[in-house]
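In what follows, a single structure is set out as structure tokens and then discussed.
First chain written, first letter: the chains are A, B, C and D, and each begins at residue 1.
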Amino acid sequence: MRHRLKHLNKWVAFMLIGLTLLLSGCSELTVLDPKGPVAESQRDLILYALIFMLGIVVVVFTLFTIMVVKYRDKPNRKAEYKPDLHGNRKLETIWTIIPVMIVTALSIPTISTIFDLEKPPEPSAEQGPLVIHATAADWKWFFSYPEQGIETVNYLHIPTDRAIEFRLSSADSMQALWIPALGGQKYNMAGMHTTLYLQADEPGVYQGRNSNFNGEGFAEQTFKVHAENSSDFQDWVESTQNTAPELTQDQYDALLEPGIVDTMAFSSTHLEWVDHGTKEGMDYSIERHRAEFAEQLHLENGENHEHGPSEKEGGQ
Amino acid sequence: MEKQSKKLPIKHIIGYVTSVILTFVAIWAALGSNLPVMWIIISIFLLAIIQAAIQLFLFMHLIERGMGNAPWNMMFHGTIIFAILIAGSLFTMSFGFM
Amino acid sequence: MQLDEFFVTGEPLIYAGMVAITLVTGAIIFLLTYFKKWKWLWREWLTTVDHKKIGIMYILSALAMLFRAGTDALMMRTQLAFPDMNFLNAQHYNEIFTTHGTIMIFFMAMPFLIGLMNIVVPLQIGARDFAFPYVNALSFWSFFFGAMLFNVSFVIGGAPDAGWTSYTPLAGDVMSPDPGQNFYLLALQLSGIGTLATGINLMVTILKMRAPGMTMFKMPIFTWSTFITSFIIVFAFPILTVALALMTIDRIFGSHFFTLAGEGLPMMWANLFWMWGHPEVYIVILPAFGIFSEVIATFAKKQLFGYTVMVWSIIIIAGLSFLVWVHHFFTMGAGAFVNSIFSVTTMAIAVPTGVKIFNWLATLYKSRIRTTTAMMWALAFIPSFTIGGITGVMLGMAAADYQFHNSYFLIAHFHYVLIAGTVFGCFAGLVYWYPKMFGHKLNERIGKWSFWLFVIGFHITFLPQYFLGLDGMPRRVFHIVPEWLPLNPISTVGAFSMGLGFAVFVYNIYYSYRHSEREQTGDSWDGRTLEWATPTPVPEYNFAVVPHVTSHDAYWNMKQKGETVYDESKVEPIHMPNSTGQPFIMSAIMFFACFALVFEWIWLAVAGLIGTIVMMIIRSFDYNKGHHIDADEIKRTERSARGL
Amino acid sequence: MNASEENSKPLEYQTEQGQMNIVGFWIFLAAEMALFGTLFATYAVLFGRTADSPAPGELFEPGIAIVMTLILLTSSFTGGLAINDMRRGSVKGMMTWLLITLALGLTFLGFEIYEFYHYATEGATLQSSAYWSAFFVLTGTHGLHVTFGIGWLILLLIQLAKRGITSVTSNKLFIFGLYWHYLDVIWIFIFTGVYLLGMVI
């Protein structure tokens, strides 16, 4: 028996080494490598939970190994055999109370984080959050900056160290805005507004996408997020205001047709004539493109374009 | 067997008369009274629940010898599911977005 | 309608599928004719109301569906192996993952478990059949024709492509105008009615037909889990019925429940779907818990630890299953308060589940473990399911779920619970009860090969997917990008290992049929519950004499006391229901009606509906009372089966 | 259970199968509770989503709804009297009450069809808006249940006329009685939740 336990120790050591390696590898994973306070609070919550979970795994796996190794039926087995052991109140109470305590320990930070996520992250500058309307349409993104009076398609510029208030809605199917490096997702739905607060602390280019399946072009509905410091952002806003064309309703209607489009920029927003997040605006797109929704793209991998909209940015 | 049921089924008649009265009270509460809307809603649903109970117990013999516990048990849980479905849907689909 | 619109054209893979279907169908027809088995097929199988035969048909269908949906999975994994794969295009990939999910849940997991319940529950409680054998046959055939209707979409009309959750408005008539989605709606409706009927049937059977002395808390644990599962079915399936009907009315008759026009509310579909959908996952996991409890107790040669607590934890899980549905759409933005409530209810499920895990471990304590294949499936379940369970708790934390949702983390989680729970459970149950069903065991050596291939493959497939999810890989994309490279090919390799494991499992069925020793006694594993008290093969009336039960390990106690279940002096004539072709014919007519409705041929559908009503009227006027098996015949059967 | 106790039970309970049928039907009714609960939930959530079609308060007429309620309530009552007579063994009384129940059921259905037709002419149909879809499907599902019940009752009347009151026929009629009362329970909630509420708000 002692001999076997020694083996067990070796295994445990192996597992711990493996675990450390695994965790160091994890810091490469987008979700566990946050670039802003929202993603950071979610990462912290995940790691906090992970500690408890690994504890449970260690306990269960150890008990399991001991039971299976020790009580296997084989010749010359010395372990005790008690076929009529039918239960033990005390033990069962203990392993009811422990999960209850773990669940409580997980619930408290979860709930406080849930409420925090509904507010802009702690203001790092005195100005309020930057409002961006993120409107999804099959299979593209419109980002409208109402205060700046500009609109981009399939790419996004945001200032660092300032909270972004995304007002999410959809022109047609249900979609979700997800920028894993900056924080979790929320759904875009026609006829509804959802609000998502995100913030970038480090300048950089991050991947964003629609994460909720919505048909053929789903895999290509991605965009790049350019996080830059506020003066660079201001420069970009001004140059877009000055050089990009105005968005006309006809052009916008044409863009709504289901399909994949390149990046673009405009010096006005579609919010002037329709807000898909209201009951009045929810059938705007299907009223115009009913026939096109029935058509197929025949999208093949690698065809049409290289994984999502091209790097080139429109309007500049 | 004859003794089981009387010529004049008192239970049924009581149930019927009460139901008719309750119906008219509900109609009066909804259309004729000046109660605040919230109170109207609560009171008419209370009246509906009483009427449903009359149907179940006086007409449908929910509790009757020889049937065991399954019928009332299932109806009890059915009522809970009924409530979860309506209240839960309103809670998530309407309340959450207000 | 043009013929080339009717049949799916232009896909080499689907042409290959058509050829395969034609060949297989041709081969079956040829073999049946050549061996003159048509009459046998009709008399012994299509018209049977015997719960054991119906159970076998359920399991065979489920295995076929596992093959079909497993092939889908392998095709998906092939496409996702490398970033530049062009094995499936976007549309085809969407169809494949939709059918994979739908078939696995509705036409594999549920019928497999219901098949096991069919065979085992009446035997475990000492009953002669179901409470309503006719309805049982009807349930099976409506499931079977529902499955056929769904699979027909593959070659006729086009497969559904909106995901197994079919979220509106994507699945509505504007964005999915093809008949594919109608196939989904009507096939699920048809088989769902059968499931509901089975739920009611099993509840009444368990409530009313238990052997004398078997109080509720002396029922075997698998019977308990079946009872609670049936309870969930009774309350959850009507929700699905309504949700499917509403979407069908939306699509075919132009109403506005889930549409964008007419101020419809697409998210209401998600709400209704998950109000059914979350109880549904417990419908497929609780029976598996029951199977593991039986298998572990038998092969550990020890009483189940904490029987009462095990039962109560099932009941609590069932209750909570109706209170957590919102965690499937935390990201819908219903507000912090709503999300907090459902976070807590979700995590609360971990408590009874955790208790069960520890009770299983405690059952192994001071036991004597025989590592048969069935036991190995059950043992593999404990650690694998633990991983699935704890990641489930993490997904239940709404704030963290915003990052996990729609990602491969979620995919990994539910495959960890559904494969390690349900699929391992089905395999454990099948191996365990196989001798009772077919009169011979499955070969142990080949069984262990299939076990190791499948279990190792399973972990290689799904463990990497947790990390892919954390790396931002969303579910349902039809190609990967180079950043997700090293883990995706690994996952694909694992999937093929699972496929191989399944192939070996099926080969084992064939091999054992040819070579396994036939069972001499009814008690193949030194069992504990009443099903092992019957002779093998089980006579159609199950128990010549209904046993008297004193504990939840009824047969074990009888063996300990040296009692026998069979007392020839107590044999009396037994009343049995007659075989009937009505359930088969009625389901076939419903299939016809649903098929017509898929293509919106309303008058044909109405004709089918009238046909169904006529069948119901015929049934209403049918006062057939069944037949009796006389005592002498029973004695003869028992003597030869028991070798007396 | 001894023989005398067994005999003191009503006829419809006397066979094993009869008892199972009744318990099974109660479980079915519990499932129907979930079914109608889902429809009510849909109705409640879609309340107010009338788009361009008329609001319910404009179209609902208290008169029709009250008359329909009283008809169905009375038919539930007469159905109960039929069961009472069945237990007394009075075939004639039972058949009379059943025929009255049938007539009331048909009248109810007639009113409902008229009501639907009336709304359609006023511009509220299944296709008008989310609210009206929910209204027609909720009340329509109840109406379909009533229609089914009427068909069922006709079949039972034929069987009762042919076979009289036996353990099998009485079992069937008792189960039909449960169904018929249950439809009234549902209607009470439709009357309250749809008509009264629609006129209050």
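We take it that a contact is a pair of C-beta atoms (placed from the backbone, for glycine too) under 8 Å apart; a residue touches a chain by one contact, two chains touch by 3 or more.
Worth saying up front: this structure is predicted, and the values here are computed from it rather than measured.
Asks: Out of curiosity, which chains are bumping into both chain A and chain C?
Replies: Expected: no chain.
Asks: Please report how many Å separate the Cα centroid of chain B from that of chain D, as a whole number.
Replies: Using C-alpha averages as centres, the distance is 14 Å.
Asks: Between chain A and chain D, what distance separates the C-alpha centroids? Give it in angstrom.
Replies: 49
Asks: Just the number, please: Cα centre separation of chain B and chain C in whole Å.
Replies: 37
Asks: On chain C, where are the residues touching two or more other chains?
Replies: In chain C, the residues touching two or more other chains are 203, 207, 234-235, 239, 262-263, 265, 267-268, 271-272, 275, 333, 335.
Asks: What residues in chain B touch two or more of the other chains?
Replies: 68, 70, 74, 77-78, 81, 84-85, 88-89, 93, 97
Asks: Which residue numbers or ranges of chain D touch two or more of the other chains?
Replies: 19, 23, 27, 30-31, 34, 37-38, 41-42, 45, 49, 51
Asks: Which pairs of chains touch one another in this structure?
Replies: Result for touching pairs of chains: A-C, B-C, B-D, C-D.
Asks: Using the touch rule from the top, collect the residues of chain C that touch chain A in their complex.
Replies: 79, 84-86, 89-91, 94, 161-163, 167-170, 174-175, 177, 260-263, 265-267, 300-309, 329, 331-333, 335-336, 339-340, 343-344, 347-348, 350-351, 354-355, 357-359, 361-362, 364-371, 379, 382-383, 386-387, 390-391, 393-394, 397-403, 405-407, 467, 469-472, 474-479, 481
Asks: Enumerate the contact residues on chain B facing chain C in the complex.
Replies: For chain B paired with chain C, touching residues are 68, 70, 74, 77-78, 81, 84-85, 88-89, 91-93, 95-97.
Asks: For a test of understanding, state which residues of chain A touch chain C in their complex under the given definition.
Replies: Listed in rising order, the residues are 26, 28-32, 39, 41-42, 45-46, 49-50, 53, 56-57, 60-61, 63-64, 67-68, 71-73, 77, 79-88, 91-92, 95-96, 98-100, 102-103, 106-107, 110-111, 113-118, 138, 168, 172-174, 176, 178, 180-181, 183-187, 189-192, 194-196, 207, 209, 211-219, 279, 282-283, 286-287, 290, 293-294, 296-302, 307.
Asks: Would you tell me which residues of chain D are touching chain C in their complex?
Replies: Within the complex, chain D contacts chain C at residues 16, 19-20, 23-24, 27-28, 30-32, 34-35, 37-39, 41-42, 45-46, 49-51, 126-131, 133-134, 136-137, 151-152, 155, 159, 168.
Asks: For the complex, which residues does chain D have touching chain B?
Replies: Residue list for chain D touching chain B: 9-11, 13, 19, 22-23, 26-27, 29-31, 33-34, 36-38, 40-42, 44-45, 62, 66, 69-70, 73-74, 76-77, 79-81, 84-85, 87-89, 177-178, 181-182, 184-185, 188-189, 191-193, 196-197, 199-201.
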